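Two complexes come next, and they have one chain in common, chain A, joined by chain B in the first and chain C in the second.
Showing the complex of A and B:
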């Protein structure tokens, strides 16, 4: 399986993983530092993507503790929140992403039950 | 041949369009809204922070982790409790000063007023009144010292005697009071309740002397079905209790003391029909 590569960190954003141009899934994860749920959400997301998205994804991690104003862009209410920017439409998944099945439904990888 | 094939295909299309679907698909559930998800995640404990808009400007969005919110709430609760405690203590001091020391000083003032006319008529009696006023002031000083040091008298009051002293302190002012205190009722009272009832009595009597223009008054303390009932009444000018709600601190303090005792207060007053204050507390 193709592993996502790490790109240079943008100014306000913490980490971006994967290739933007070729990625089928463009995902943005909003976290708050290294809090328990934020860390869990990132770990769960990386695992789910590695297992189910076949390398065709890009994860952008935005730490709102460093810049809370970035929450406005995607109108974030809660942390952690995953925003699926691609494929459209934009969809948000709120929580620590511990329910793999639900995350896959949210990403449209798996149909609704 | 081609025409026959086209006709067959066309018939097949028509038939298939009329055919019922093999299975009816379940309606597609829409993805829950962000608000629904947030509530659900909050209930399930799946999130650890909320983004709170701090104003209209983009740059002042504040982010609070649950720990920070909980810590802030805890500090706020502690501050509120401290403030309530301070306010309660302040209220108690105001009540005690108003109903105790201030009434005592007021009574001394009344006695000295009486002395003014007595000096010419009966200097000997006037000297006695002045000496009595000085003694009363010494008692007030003792009371104030007790407030300052935070030491309150906890001994059981001699209720009838204290009421007698209050009436005596009014001197020649005010109406003639009839006192009806049932000893069994005073024995039912704890020192604190007795002190509170005495302060209520002092305030009520002071109101009668200052405002009622009454010819007579009555104070009674009796037992009634496990309760103690205090009644202070006069036959003075009365007032309209519905129209005149801003009567100073006195009645407010009486009401606050009754509430503190978990008792009930009734005020009967009408213009030209006198006034009656009834307080009932559990013994």
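Showing the complex of A and C:
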């Protein structure tokens, strides 16, 4: 289950940060095309992860315009949606992730002092 | 930022002459909507919990996929796909098979606010993508969103949701799919979230109430832009073959009048009636308990079978076995007619089901058995199963339905009191074509059975009161009581 099937599909735009195998946080960001909200969400996410997750994360970006079928699996309705797949349980954060402290609460991460 | 009612999209600005419609295939619904739902547009179906919204929506999809070559998408916000499959299996629909054949696509949407944190701006683009993908994957022409309002439980930004809903309805129109959107009944408005603001073409309200411990489902077309539609509340049922909306009064009084005359089954009575009863008319026989109503009805049935006409006998007070035994005693070979297939009994337990279910059952039996005459013994059993006005309305609908099928209806009715002639309980004496009144009168310290023809439309009938006796050879009429001067 740790290897998402989407990984094999080249059409899905992906970016991966951090260490692949030892990633503690497995994150997926669902977007629809290259919209302002989507790019803001990705920028915010990358910044928050770099600042607070200490390299223990992996980010996968899924563009639903290219892979519409994937919206079903994670029960995605809103765009952008961030899904924390690991550690379980699954958590979802919707929006452009502009509020860092809310994102950290959503990810269940204690912000570094 | 509350959306106002006036900003509705460009399509509305130009009323079209002929509104294209998509048949639902649901029995009766296409009649009251004048041909179905607005094609390529959304229709709102609203009502309280358990009123049958999901069933109606699902049948619309299944009929579309199986009867009109219109595949469909069911987006369920409340029930799981498994539950849906099970629930509609009871109506004989095999959703798994339809999904496998790519006729129906079910997408189960789970909305739970507890799982979702909101931070910053978002929209519901993924919902559109999901729906679009589902539509494309089966080439859907029909879409059901059941119940869209669940979204309000999942997202806190109501302003955004409303804007997105408006966008969704416009998008559905652009995709040119015929859609049913279901909504839960709200207080003071049709739906809790005011979905009726967004759907301007057609709104159907379902209702579910209990009267005298019996469940009655009703449907009303609240609005149908640009189309004539029935405005009444129509009873409907969810039965084993899907939804049936009753009736079919739209056929009205346009039925063809028949000049063919059917025998009453009582040889002596026919001349008094002016020959018998007109074919495809309705006949009422009323009287107190023990006046011979069922025996009259049995004669009529036997007479029909002897002519090789099929007769359906709906028995509400006696079991078919009792009836067979009792009529054998008066020389009517009903058992033989059952064996030869001309006579079919159907026993209805008066209080076991709601009024509508009985009448739908009769409708269905008529469609299957195709009788020439139908006997209902006794319609008074319906009283107490609903408010009198409802009973009357249902019976009038039954009469109309049988008339349009050119079937003769023979009803018996138990009178509560001897004096009130017109108290047939259901007050249908004005609707029927012929009316016989049976009485027991005291004469020379014995009881004499009599029959009077109170009414026989279009017939030169006797006005006398005829005594009769029930013998082992059936009913025999005697000379009219008018001649009672001689002892």
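In this section, the second predicted complex is superposed on the first by the 90 of 113 C-alpha atoms of A that agree within 3 Å, B and C clash if a C-alpha of one lies under 4 Å from a C-alpha of the other, contacts with A are read in each partner's own complex, and residues count from 1 in each chain.
Here is the rule we go by: contacts are C-beta pairs under 8 Å (C-beta built on N, C-alpha and C of every residue); 3 or more make two chains touch, one makes a residue touch a chain.
Treat the numbers as computed from the prediction; the structure is a model and nothing was measured.
Enquirer: If chain A is used to align the two complexes, do chain B and chain C fit next to each other or clash?
Expert: clash
Enquirer: State whether A:76 touches chain B only (first), chain C only (second), both chains, or neither.
Expert: Once the two structures are laid over each other on A, A:76 reaches both partners.
Enquirer: Scan A:87 for contacts with chain B and chain C and give back first, second, both or neither.
Expert: Touch partners of A:87: none, neither chain B nor chain C.
Enquirer: Between chain B (first) and chain C (second), which, if any, makes contact with A:54: first, second, both or neither?
Expert: Neither: A:54 stays clear of chain B and chain C.
Enquirer: For A:103 in the superposed arrangement: first (chain B), second (chain C), both or neither?
Expert: A:103 sits against chain C, while chain B stays out of touch.
Enquirer: Which of the stretches 7-15, 259-267 or 295-303 of chain C runs into chain B once the two complexes are superposed on chain A?
Expert: 7-15
Enquirer: So chain A touches chain B in one structure and chain C in the other; where do those two contact lists coincide?
Expert: 32, 37, 64-65, 68-69, 71-72, 75-80, 91-96, 98, 105-106
Enquirer: In their complex, what parts of chain A are in touch with chain B?
Expert: Residue positions touching the partner: 32, 35-38, 64-65, 68-69, 71-72, 75-80, 91-96, 98, 105-106, 112.
Enquirer: Going by the contact rule at the top, pick out the chain C residues touching chain A in the complex.
Expert: Residue list for chain C touching chain A: 107, 109-111, 115-127, 129-130, 132-133, 151, 154-155.
Enquirer: Using the touch definition from the top, list the residues of chain B that touch chain A in their complex.
Expert: 28-29, 31, 34-35, 37-38, 40-42, 44, 46-51, 58-63, 65
Enquirer: What residues on chain A touch chain C, complex-wise?
Expert: My answer: residues 30, 32, 37, 40-41, 44, 64-65, 68-69, 71-72, 75-81, 90-99, 102-103, 105-106.
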